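Got a structure for you, written out below as structure tokens; questions coming shortly.
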Amino acid sequence: MSHLTQNLIGKKALLLVLADQEPEPENGAVMEKLPWRYCLGKVGAMEAHKVVAAIETAAKKNGIINPDVYREIHALYHAIVEAIEGVTRGQIQLGSVLRTVGLRFSIIRGNPYDTPEEGEWIAVALYGTIGAPVKGLEHEVVGLGINHL
Amino acid sequence: MSHLTQNLIGKKALLLVLADQEPEPENGAVMEKLPWRYCLGKVGAMEAHKVVAAIETAAKKNGIINPDVYREIHALYHAIVEAIEGVTRGQIQLGSVLRTVGLRFSIIRGNPYDTPEEGEWIAVALYGTIGAPVKGLEHEVVGLGINHL
Amino acid sequence: MSHLTQNLIGKKALLLVLADQEPEPENGAVMEKLPWRYCLGKVGAMEAHKVVAAIETAAKKNGIINPDVYREIHALYHAIVEAIEGVTRGQIQLGSVLRTVGLRFSIIRGNPYDTPEEGEWIAVALYGTIGAPVKGLEHEVVGLGINHL
Amino acid sequence: MSHLTQNLIGKKALLLVLADQEPEPENGAVMEKLPWRYCLGKVGAMEAHKVVAAIETAAKKNGIINPDVYREIHALYHAIVEAIEGVTRGQIQLGSVLRTVGLRFSIIRGNPYDTPEEGEWIAVALYGTIGAPVKGLEHEVVGLGINHL
Amino acid sequence: MSHLTQNLIGKKALLLVLADQEPEPENGAVMEKLPWRYCLGKVGAMEAHKVVAAIETAAKKNGIINPDVYREIHALYHAIVEAIEGVTRGQIQLGSVLRTVGLRFSIIRGNPYDTPEEGEWIAVALYGTIGAPVKGLEHEVVGLGINHL
Amino acid sequence: MSHLTQNLIGKKALLLVLADQEPEPENGAVMEKLPWRYCLGKVGAMEAHKVVAAIETAAKKNGIINPDVYREIHALYHAIVEAIEGVTRGQIQLGSVLRTVGLRFSIIRGNPYDTPEEGEWIAVALYGTIGAPVKGLEHEVVGLGINHL
């Protein structure tokens, strides 16, 4: 039976996205010396598909997933949509219900289980604000999606 | 126009629930010296209503909300349900679709905006695992709900 | 092209369910002299299926639908579920997310369009309260479902 | 423990929106002499965000909410979205699934509970038709959202 | 009590949409000699309303439904939306969450029950692919909606 | 770039579940000589978790998935839930909204893409009836869930 190790992929993705700065290679307390691939980014949008696209683009550019392999894109896509569900809480809709988001995101690819058969997983974390399309009329939101690669 | 201050209620609720131990009064780096009320707890359940009840009970016991005022219960209830939506991602269902959760939760009551008119808000953060009702067959989840009190 | 007549089936169902007393045959201002069949009832429940069952039973007992014809049961069922969606607003869940309802319901069967081809339709209206399973911790809710018979 | 008074904010909002004319100050049977603020309006749209915007604009123009206080906008926003869920019954989508709405709306701000601690609440009621984007191919819908302010 | 006959309207609609070619009148093994009306079509879209429109247009052009009778349009509309829910599995969204579909559809109008009181029903079946807006990055999907006419 | 081959895993799963009998090894026209693993089963239930459990048990017993590897259970679980969404169309609820299902299911594990990097995928197809908990008061339903393993 497999178990989650101390290298919790979701927790690390959340701490990355909540951190005030991107961790530097030499002292990145969050990512330590794990052989994991990760990246960080930002996106502001009134349309969910722009959030999806921004995260997919970042994952491809930073070599987190192989853009030629559909199974990797499929795994990432579902992790993104699940993370957005935490942000939108109910309906994956932004501008169509007159709200907008400003989000930071992190993506980590790694092996969080203690048995090698579990292979690689991907985590997408989102943190930022949702609100009316007016600066200041907003509150915080978070989302996390995890999938096997 | 009001703006979120540095005292981000959602971020603090998340850092609290992600922390390995409860912050102690004298050195709680997360909560600093804010005049905010907060509490932490744990709940494992196959039924969403037990998660709701555990958080409501903790909020009442720790004086986060006034159990005799419906508007406070109403505000907390919606914050809890929104946090659970991040955990369940689509349908607020656990045992009814054969899955179980083991969660830590934090609740914070405070004033995250820089204008006094915004008054008090409540944040509920959830972090833990979801999975089959077998130890080890699970992955991490997170949720955050924020509401005006 | 067909149009809704002044005999608005949904509005009448709502006015019936909002009225403080059941209209009497001789002076029922709401139902006037329309050759429509209708009934009224009450249900309190923590489980949505009890709401469905109470309305179905009333409709059968009062001759609103023919209990031996599946198309009538199918039409009523969907009208009920749509009305409940107005009450629960998001997830058709009550006790499973720790809330309860106390509802009055009305059912009307009639022909609200000005062309005979449109035939009969059914309307189900719900009005009452939703809240914590404690008296007083609740607010009002409404729902309306309409379907062709 | 607080209880709903006879001044039921949801019922009044529904009766207002169902009334054939706007109640006049001197004889408004629905609103009587309550010190409540309310307004009425109309919106036809194939996009939910136009419904949200029309109601928010009316609430601000008529002084129902303070447009500079986010907590008031947040409370109203959720009441609107909940009312729309009664109208759309399942997915908050109109034109994206090829349907359109023609709605009247009412907004009331008042104190429906018998204890002063419960403070002010807001109710948004919707009534009108939903259907294909062709006149006459439509049926009635209703929605009600209630939130603490 | 009514029962489904061997002339299963849903199964036939699925076999039609899964068949590699349209059945010819003289040897259509799927439709046999049933006095049922049916048609087949194709639609590729990033917007759900285009799927709805394509199916509605085909149904009207092929005489499956009467375009002047709202009850027939209403019945078909709900069958289409239910079939799309099988395709989208959770949220009726395509381009707004950055995905596209390529679908074949079939529509059958007939009487699948053994008692004449059950009258006519309509079935809409969908089969094709969903995926990223890039050829090849997709997997299969299916949906079936059935309603009384 | 990968493409779906003629060995369409979803279509085969649907044809299997729609077939009147299980295909025999020597003449199984549906499965031909593909090196794919598959199984068939039946389940009748008023609770979605029984449908999930029946399919998971069949998959484990027939060696479709490895019961000790969470990533395989995770992949199958999401395929099952997506298939159930086609059956329930909106809310994954059965008895809780007073309806019951009688389903046949098929599970196939195979490689439907023409490039080896795409690896194995799993398809779950459901076909049967949904309706009131009374024999005869029901119509057909279908669902298909596909996931990378």
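The letters A, B, C, D, E and F name the chains in turn, as written, and every chain counts its residues from 1.
By definition in this document, a contact is a pair of C-beta atoms (placed from the backbone, for glycine too) under 8 Å apart; a residue touches a chain by one contact, two chains touch by 3 or more.
Just so it is clear, the structure is predicted and the values come from calculations on it, not from any experiment.
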| item | value |
| --- | --- |
| Listed pair (A-D, B-D or C-E) duplicating the A-E contact set, over half by residue number | A-D |
| Most distant chain from chain B by Cα centroid | E |
| Where chain D and chain E are represented by their mean Cα positions, the distance between them in whole Å | 36 |
| Mean-CA-position distance for chain D and chain C (Å) | 20 |
| Sequence positions of chain A contacting 2 or more other chains | 1-2, 70, 74, 90-91, 93, 96, 121, 136-139 |
| Touching residues on chain F, where the partner in the complex is chain A | 1-2, 66, 68-71, 74-75, 78, 113, 115, 117-119, 121, 147-148 |
| Chain A contact footprint on chain B (complex, rising order) | 1-4, 8-11, 14-15, 18, 82, 85-87, 89-90, 112, 121, 123, 125, 127, 129, 134-146 |
| Touching residues on chain D, where the partner in the complex is chain E | 91, 93, 95-99, 131-132, 136-139 |
| Interfacial residue positions of chain E with respect to chain D in the complex | 47-49, 52-53, 56, 70, 73-74, 77, 81, 84, 91-93, 96 |
